[in-house]
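Below, chain A partners chain B and then partners chain C, in two separate complexes.
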Partner chain A sequence: MEVKIIDQRENEVKFVFSGVNVRFANALRRAMIAEVPKLAIDEVNIHENTSLLYDEQLALRLALIPLKADLGDYSVDDRSTLTLKAISPERAGYTMVYSKELISSDSGVKAAFENIPIVKLIATEREIAGVRTIARQTIALEAIARLGTGKEHAKWQPVTTCGYKIMSSEEARSDLSNKKSVTFTVEGDGSVPVDEIVTEAARIMRKKCESMVDGVKSIK
Partner chain B sequence: MGYYCLRCKRSVEITNEHQGARCPYCGFRALRKERPEEVVKKVKAE
Partner chain C sequence: MQERIGKSLIGKMIPVRCFTCGRVISDVWEEYRERIKNEDPGKVLDDLGIKRYCCRRMLLTHVELIDEIAPYE
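Right after this comes the complex of A and B.
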């Protein structure tokens, strides 16, 4: 088995896997999508929400924000709290709330990208009988993030694009051993470095295989 | 209905027997109705 990196960027990697069974490549792809854990918002305590979005919509938007964290510091039951407080401007207009405004209780946890829009808060002004009033929208919430995997919910998927292409070279066609070369394209969502996604998926696969071997041995 | 005095913050019971409401402890006229604590809604993010 041989691995050759073709292209590597901050959140994307392209590599050729040669001398592998396609089934193995597919297992690795599935492990990257559904087994590699990452941190995502799972529960939201809403103190105030007078924005145009329903509480549930707002919670889902928050859940889909990729969070950067050192996963070595987290276990399955660990939680991290992020707070978000925002208000529309004092004059008629609007303000956009971005992911950078999420303040975490753990300094190691933050949004992978600062410019993900969450909600628009609008302020409307009106004058009735000489009295000027202004209605301002506010949000105040507490989001609880926890570790999870993609098989539970897509918000815990560390990859956006993850696929492979079987190389159709003459050499590959003439190979009768069923071993082929595949080109993998893995694009991370920014929460976990791409190289870590690939190695962690391989580690998970090995662990599963080992536990299966142990299980079979115990039957005997 | 429970009220509290805005000056001495003590809770005050108001009856409709007499006109005008005053705090029986400090005599202040501004009383505010006691509201339940802020309601926090728990939403599953999915």
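Right after this comes the complex of A and C.
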């Protein structure tokens, strides 16, 4: 088995995996998609929401924001709280609320992208019976992030594109041992570094194999 | 009727991620919207690093409705 990195960028890696079974490559792909844990907002306590979005829409938008965190500090069911408070301006106009405005209780947790628009808070001027009033919109919420995996919900999936291509050359086809070369393309969503996704997926696969070996032994 | 327009399920704001692949696309929306006023949208998307056509259509076809809806809320 041999690994050769062809191209590595900030959020993307391309590598050739040679001398492997295709089913092994597929297992690695599936582990990267569904088994590698990451942090994502799972519960949102909304104290106030007079914005144009429903509470549910707001919660969904928050959940899809990739969160960067030092995953070594987290284990299953650990939680981290983020708060968000915003209000539209005093004069007619608007304020856009961005992902960078999420304030985390844990300094290690932050949004991977700063400029994701969450909601636009609009202040409208109304004139009723000669009296001018400004209607302001506001949101105040507390979001709880939890460690999860992609098999539960796509928001916990650390990769976006993650696939492989079987390299078909003449010698590979004549090779009867079923070992082939595959080219992997892995693109992260920004929350977990790509190299960490690949190694963590491999670690998870090994752990699963070991537990299966143990299971078979215990039958005897 | 006004209430129905205001609280409809139409995407009022740019989706956070691409529907198909899950890449975050909303962070470049505002820059994209400004730049297409005097640049070619395809070239802007290339420049912003939006490669796949699934992600490109997210920005290319989006209609921001939140401002249209605001008066009816």
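Basically, the second predicted complex is superposed on the first by the 220 of 220 C-alpha atoms of A that agree within 3 Å, B and C clash if a C-alpha of one lies under 4 Å from a C-alpha of the other, contacts with A are read in each partner's own complex, and residues count from 1 in each chain.
By definition in this document, a residue touches a chain if its C-beta (ideal position, glycine included) is under 8 Å from a C-beta of that chain, and two chains touch if they have at least 3 such contacts.
This structure is a prediction, so every number in the text was calculated from the model and none was measured.
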- Task: Tell me which partner A:Glu56 touches in the superposition: chain B (first), chain C (second), both or neither.
- Result: first
- Partner touching more residues of chain A, whether chain B or chain C: C
- Query: Who does A:Lys110 touch here: chain B (first), chain C (second), both, or neither?
  - Reply: neither
- Query: Is A:Gly190 touching the first partner chain B, the second partner chain C, both, or neither of them?
  - Reply: second
- Give every residue of chain B touching chain A within the complex, in rising order. 38, 40-46
- Okay, in this complex, where on chain C does chain A touch? 6-7, 12-14, 16-18, 21-24, 26-30, 52, 66-67, 69-71, 73
- Query: Tell me, which parts of chain A touch chain B in their complex?
  - Reply: 40-47, 55-56, 58-60, 62-63, 143, 153, 155
- Residue ranges of chain A in contact with chain C within the complex: 52-54, 57, 61, 64-66, 96, 99, 112-117, 119-120, 122, 124, 154, 157, 160-161, 187, 189-190
